[in-house]
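The block underneath contains the structure these notes are about, expressed in structure tokens.
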Amino acid sequence: MGDGSNLLVIMALLPFVGALVPGWMIRAGRNACATFTAIPTILALVMLGLLAPDVMAGEVIQAEFSWLPQLGLSASFFLDGLGLLFAGMILGVGLLIILYARFYLSGEDPMGQFYTYLLLFQGAMLGIVLSDNILLLLVFWELTSLSSFLLIGYWKHLPEGRQGARMALAVTGAGGLAMIGGMLILGNIVGSYNLTDILASGDLIQSSDWYVPALVLILLGAFTKSAQFPFHFWLPHAMAAPTPVSAYLHSATMVKAGVFLMARMWPALAGTEIWFYIVASVGLITMVLGAVIALFKDDLKALLAFSTVSHLGLLTMLLGFGTPAAAVAAVFHIINHLTFKAALFMTAGIVDHEAHTRDIKRLGGLARLMPITATIGTIAALSMAGIPLFNGFLSKEMMLEEASHTYWFENPWIVPALATLGALFSVAYSLRFIFHTFGGPVRDDYPHKPHDPPFGMYAAPALLAVLVVLIGLMPFLAEPLVTVAASAVAGEALHPHLKIWHGVTPALFMSLAAIGGGIVFLLIHRPLDRVWLAAPRPEAKAIFEWIVEKLAALSRWITEISHNGAISRYVAIFTVASVALGFAAYSGGGVGPETRAMLPIPPLVGVGWFALVCGVGAVVVFHRTRFRALVVLSIIGLMISAGFVYLSAPDLALTQISVETVTIMLLLLALHFIPKETPKESSGLLRARDGVIAAVAGLGTGALAYTFMLRDVDTISGFHLDNSYEGGGGSNVVNVILVDFRGYDTYGEIIVLGIAGLIIYALMTALLNGPAGRKLRNTDFTRDLSRDRHPLMMVVATRVMMPIAVMVGIYIFLRGHNYPGGGFVAGLVIAIALLMQYMASGFAWTQMRQRIQYHAMIGFGVVIAGLTGAGAWLAGKPFLTSAYGYIHRPPIEEFEWATALFFDLGVFLTVLGAVMLMLYSLSRIARYAGQQVNLEPMDYDPADRVKKREGSE
Amino acid sequence: MELVVASAIGVLTAGGVYLVLRLRAFPVILGLSLLSYAVNVFIFASGQLAVNLPPILDKYGDASYTDPLPQALVLTAIVISFGMTAVLVMIAIGAFLDSGTDKVNISREDRDVEDPVK
Amino acid sequence: MEQFAEILISAFLVIAGIFGLAGSYGLVKLRDTMQRLHAPTKATTLGVGGVLIASMLYFGLIRQSLSFHELLISIFLFLTAPITANFIAKTFLAQNVKPEDIPETDRAYGWAVYEDPPGGTGVEHEDQRGE
Amino acid sequence: MLARRLVPHPIISVLLLIVWIMLVNKVTVGNLLLGAIFGLAVPVITAPYWPDRPTVHRPFKVLEYILIVLWDIIVANVEVALIILFKPNKKIESHWINVPLELTSAEAITVLAGTITMTPGTVSAMLSADGGNILVHCLDTDDPDSVRADIKQRYERRLKEIFQ
Amino acid sequence: MNHWIIAPIILPALLAPILGYVMRHDVTIARIGSIAGSVAMVAIAAGLFVTAAGGDISVYRLGDWPAPFGIVLVLDRLSALMVLLTSVLALIVLIHAVATNWDAKGVHFHALFQFQLMGIAGAFLTGDVFNLFVFFEVLLIASYGLMIHSGGRARMRAGLQYVVMNLAGSTLFLFALGTLYASTGTLNIADLAVRLQEIPVEEAGLVRVAAMLLMIVFAVKAALFPVQFWLPGAYSNAPAPVAALFAIMTKVGAYAILRIHNVVFGPDIEATGDMAGLWLFAAAIVTVAIGAMGVLGARRLMPLIAFSVLGSMGTLMLAIAAFTPGATTAALYYLVHSTFAAAALFLIADLVITRRPGDTLTTLPATVQNGLFAALFFGAAIGMAGMPPLSGFLGKLFVLENLRAPGQMAWAWSAILIGSLVTIVGFARAGSALFWKSTAFVLPENTITESEEDEEVPITHEPARAWEVAPTMAAIGALAALSIFAGPAARYLEATSDQIIDRTGYVAAVLSNPDGLKPYPKSHGDEEAGYGEDAAKAEGHTTEEAH
Amino acid sequence: MIEMALIFAMACYGAGLFFNLWRILRGPQAADRILALDTMVINAIALLILYGIKANTATYYEAAMLVAMVGFVSTVAYCRFLLRGDIIE
């Protein structure tokens, strides 16, 4: 890459870098801000100037950086004639706008923000015209949508601004997304996203099956951006933006992006029938429609906006014609439209700024009050009208010429006639702009007395007006630029000659007809206006907003109906989906033959099964009477534990039965605070539905289990059986799996418990400190059927049983590695023993005698388990590697130790701590709820009676 | 025997699902407990069912044993579901105390109307 | 000897079975809750006791491995059965029986379920006084 | 005092040693030693929950009491089993009996209540609020007073000797 | 063996108890400890990332047991990436929580937070399906605690629903695992992959059920239709920083599908075929639609963001469902992107809604720093909606580019593009109401005080300090960085995707047990050797340990 | 002979389970249900021990012991719930 490439890249990025400036410089004042904002633009212009000679000489300057090669996205830029033209416009007008905005924006407007957005937009726009990679182009394309959103919504307090911004974003955004699709298809056809490659593959593209979808999607992008029918409606509403924005985005640059894109893709996409019929037709319709509407707009900016729509239609139509001459006309008109339309917007802005209104009906006679402005405006408007000697005339003549020999479905009249009609309306609204604003007598009812603005404000439009005249008189000045640009569009070298007089051509007559007709229309504007106002016509904004609102309402309806907070339904859907998809999956395969005979069913097992089924049925039937449901729940736990015993799973039985008990305790504690009954509220239909879902789910799981139980597979557990004793030092294989082979699972499992303890404690704290705390204090939860809280008999029995239970706990803990048991069950046994103590003597009394904090116990447990596991690192072994050995030292004949025991100790402590912390938290809530606290271990010790009697005697 | 276990799993699942679909927190908790029984037995059954072959190694004999791995998995699952149930129970209490209702479904009115604590 | 042991064990098992069945049957047969309370707390206790003794004898005499851990379960049951019965009885009384329907204590204090113990039922906890 | 702190409940310690042996189900020196260690250690942990240890005066009386109760339990079971199995419900005549107590030790009252529950046709339903009476439910009797007298004579008297 | 592999799990697992039990009385110390731990976690994760970048798959055999008998941790590019992503996100969220004082609004925040990290890291690193379940539970239960952190009426009830739904999901997980073990006899992912290759489709009924149920389980986590219903309620009622952290939680589901349904049930496996892809694809399409509609129809900011998360999960899943290397690369890119995008949105939402009464999108007076918040919201929103210059746009292009299969393209493209449009419109409406319209709005004097009194969450009118804004900026910065460095990122992700799809490499690494492992196999089975010593074995032929 | 006696005893306790179940489901008083459940637990203990004899193993003894212990605790808890509302006040 040469110097030119570097310069090109720097130029492309300058506005983005520059966007950082205003936000920072605004602290130095508004003048400094504007000045420093201009600098990046000026620099970029200078660079463009440096590059221009090479481009004018026919060279294409390229630069490429890798960005996301996996996608085919690279940061590639190139500068050819078309790019040069547009870059020049973007930067040149940009500079003028910066100048103009400095004077236009009032003191309350955040100028830093404005310039930041403006430069962001400038960068995005520049990016579009310089991209040599269509994905990169898409990036910049979407960026223009975003930055224009910010600019249109700049006056955020104005509803029109917000709505206009959203509408512009929605419409251009939609087009942009369609274009993404189109570009991706296009890239796929060509096999490259590089624009240069794509432009060279026109034939390949146009012969592809995917040509039409790609074309349509890309055109959607272009049409929305360039406000082509039927997407034209957003543009006038974007006029809510400050006038500099309208002048810059909505006349000079952004709306031309669509036109640019069509011009850019011309070699690749244009020239086919479908291209002609879509593009030219849409352009033609837009041109006429825009012009007609413009005539009846009273707001100066709206008038100009629809005029812009019309002119964009004109450009689109020209590009749609697909001939080199039309390309030349289009390029030339792009330049001319830029000059007069930007000048007109700025003029309108000045009028608004001075007179405090843009309503034509409230204006008139300004020529005398602000002659400079009037002069500028008149020159520009005459150009817009296509009056000879101004530049607009030249390109319009070329357009009419092209239209005059264009056939539309073999009809030679339609296109020229409509083109003339468009030109006619164009003359009419242009003249209306001049005469109804500046002409006529001076009025005395302006909202504000207008004067010509300071030089800074009219300098920019004045300069443009000068250009209008210059090009109008000496079109050859523009010829080199038009030549390179048009050649770039056409993809071949063109040699156009721009001149004022073309001789007596059909175009001349069409032009004359337009001017004459235009004058007539202006004269009869008043009655026409009445007819227009009386005629029913769709209000695009209203329709758009109606559609968006309806879509939003529909979305809201669907969303809220489906996500209505009914977890029951969510779970029902989840269940049905699981069963259905599971079944679908199953039916796609098959199962092998049964490989195992069924085990016999002893009668006792049948009894247990019956009790279990009854238990489940009873829980379901009794579930409204909550306590009763809890009682029958115990049957199920008991039967399952018995089943585990019978089916060779003693460890499971131990765990199941102890967990079951603690769970019941928790549920009982919970039931204390919540309603004791469940109201009957689901309808019969709902219950039936749930019944069916439940039955299907039950059948599914049952059948699944039945299927796999009769089929053997080879499992990895043979290894565990083989290595448990020698490798893990224990003969209870289940325990060795838990603390060794899969000790890591157990580590996770105790952490779950520890977290559960923490959450419950945290929740309790949050509850007591929140509104629930207040409520608790005012609610009496006590059932208080009985007046004895801590009966003597229970206390005494517990005193004896406590130590025994602790002993059992120790025993279960120590033997776990070799026999059923282990840290988890031991922890629960001790917890249950403590629970017994709490039930006997009450929480307060017991807690007072409790020396170890449960928090600490959980912490120690988790840390001990973790450190035991990490201890293996000392031996260079992985986490949780165990060691074991035997101590032979009389009188203890053989004492076996294993590091797994320490791990199990961690398990034990965590379990105990977590369970007790849960109980503690629940009990704390109860105490908060106004419960009395006991200071004695039992309600009344009869021995006290004796002591008292003795004392009194 | 397999039929007994499979049907027990089915019944437990059905009961559990039915209760989980109820509208109040308490039956939902009961339902989840039943489901947790069901799934524990289900995993347990994924090994071979065997009578009187507990995986406690006999140091001196060469006995055969049932598959110990599913048992270990079930143990882990039991403990985890205990922790989960405990948290769920506590949150149910919290939700009830905070909002005055133990409905599990949150209706539009619940979301829109901010009734202060009574 | 073996023969005798078998007879002994079988006898215990049969007796235990009968008592166990009687206890559970009583639960169904008897008229009201307090009556039903008699059945299991007695019959079942001896039933299980019989089973436990049979088990001890079986492992001690037949399997020649002296076993007495069954005793522990017996101790447990003997310790807990009265407490259980006591609680169930109180539950029944508190829910279903008015103080008038049972004999009075003929002393200063009535029955525990209906009357506070001397000295009341504890004190307020700091939690209730607010934090 | 230190001894009391270290061995808060000697009887419990012995009991726990026995429990340990029952648990491990194997009498070896090692197990005895381990059992002794735990037997001493566990009561130290649980001692706070049993602040005033009861005193037992006559160990032989304890043995005698246990034997009597065991015998009565067997009798009770037979009697109740017969009532349940063969007596028509209509003919079963239940009674509430108020038994005033002379015992004042909580442990003694508990043992008495337990004994009542385990023996013929009686269940101790509750105590009075100050622990001075036991409410007994009698399954089937035509003479409630004799039942009360029996309880006081056969059990309370012996317990009084043991505990007071 | 590289012990650092387990560090992302052990570090928070040891730190959390200390935070929860020792430091629970002093919030300052807890904060220092927690942040220090999280910084260390980022460093460790970065180290692991570098280690894995080379392409070697490191296996950590817990307890020194050989795979598949013990549990192994597997560090490959994917797990390293996910752990790094988690730790960076966590640090950002943690700083936000501390700076905005969220952590002090309830107890045990830091302990739960660290446990949450442990669970997530554990899920990403494990090579065992049951262990995956265990760590799912760890991360879930920690998330329950975080979800209801600081309490409140709506949060509590939403929390209850969140727990119920996830318990249902966990139950299904266990059903799936039971079926899987019953039909394959193993739990190790690599071993499952080997065994699955052997199962002919005529006998694959059970494993197919297992595969499908597992997919549903993961879909619940990833919030895919029709099991996505829980997400909006949960995320919109969680404390906003927690919701930001949850951005990674949905990714856990996505990760699991990427891992399990590529390595074990890959589309080229005869037994399961393209079953997963088909269903995932359909579900993802609907999810995108639901997300977009939710964004457009939202009345409140938090649900709006939650629905946008749904939509992004749909897009992500579309890419995952293709099960091709290119689409997987795109999926990974989008995964990283959408994590930070969601986090950024929730964080900025937190800054805003703690300064106004509630998060309704009705107009209320502008908050302090309206302009700053608006800018941050704009940045985060264009990130999420997939607009340039942030990474969402590239991610979207990337996904679209790789979904070109016939029958796939029309649906996927329409869904993603139309979904984007609707999302953009939705965000524009919301942002306009929150930040633009508010500038023109003044609430009548008396109403504001009244509504403030009722609020459970007190409103602050303090401007956000630098520390409070920095994490949001960092998240948006991550999006920018991901966009600028898309090339290098995609290179790594491409390699990652190749590694994911290369089942053989994974299996070989996991099942090749070096000598010197503990149990000296008294070989299991009749074949002399233990389990697959090398790739050759893993790759193809059977491991029939006929018993 | 022992075999026969075992089967007899098991049949007795098995039948007992039915009676317990009946009473649990039938009530009518909560006390009845608790009582029946407690009895069922005790019957289950007996069955466990019987099964231990039949299977000729002591492995299941711990289960019986644990059932005895937790059965008591849960019975007390059920009663306390009805009596006092809060089981560990």
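Labels A, B, C, D, E and F are assigned to the chains in the order they are written; within every chain, residues are numbered from 1.
Here is the rule we use: contacts are C-beta pairs under 8 Å (C-beta built on N, C-alpha and C of every residue); 3 or more make two chains touch, one makes a residue touch a chain.
Quantities reported herein were computed from a predicted structural model and do not represent experimental measurements.
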Chain centroid nearest the full-protein CA centroid: E
Per Cα centroids, the chain farthest from chain A: D
Computed distance of Cα centres, chain C from chain B, in Å: 31
Whole-Å gap separating chain C and chain D, where each centre is the average of the chain's CA atoms: 12
Whole-Å gap between the CA centroids of chain B and chain D: 40
Centre-of-Cα separation between chain E and chain B, whole angstrom: 26
Contacts with two or more other chains, residues of chain D listed in rising order: 19, 23-25, 110, 113-114, 126-127, 129-130, 132
Multi-chain contact residues (two or more partners), chain A: 560, 565, 567, 569, 571, 575, 630, 646, 650, 671, 701, 704-705, 708-709, 715-717, 720, 741-742, 745, 749, 752, 755-756, 759, 763, 766-767, 770-772, 785-789, 791, 793-794, 797, 800, 804, 808, 819-820, 842, 927, 931-932, 934, 939-940, 945
Multi-partner residues of chain E (at least 2 other chains): 130, 134, 137, 141, 144-145, 148, 151-153, 160-161, 164, 168, 175, 178-179, 181-182, 187, 233
Residues of chain A that touch chain D when the two form their complex: 787-788, 791-793, 795-800, 802-804, 806-808, 810-811, 837, 841, 846, 849, 890-895, 937-943, 945-946
Chain B residues touching chain F - in the complex, by the definition given at the top: 52, 54, 56
Interfacial residue positions of chain D with respect to chain C in the complex: 19, 21-25, 73-74, 76-77, 80-81, 84-85, 89, 92, 94, 96-98, 100, 110, 113-118, 121, 123-130, 132-133, 135, 137, 139
Interface residues, chain F side, partner chain A - complex: 10-11, 14, 17-18, 21, 24-25, 27, 30, 33-34, 37, 40-41, 44, 47-48, 51, 59-60, 62-63, 65-67, 69-70, 72-74, 76-78, 80-89
Parts of chain A lying in touch with chain F, wherever the complex brings them together: 603-604, 607-608, 610-611, 614, 618, 627-628, 630-632, 634-635, 638, 641-642, 645-646, 650, 653-654, 657-658, 660-661, 664-665, 668-669, 671-672, 781-786, 789, 794, 805, 808, 812, 819-821, 825, 829, 832, 835-836, 838-839, 842-843, 919, 923, 926-927, 931-932, 934
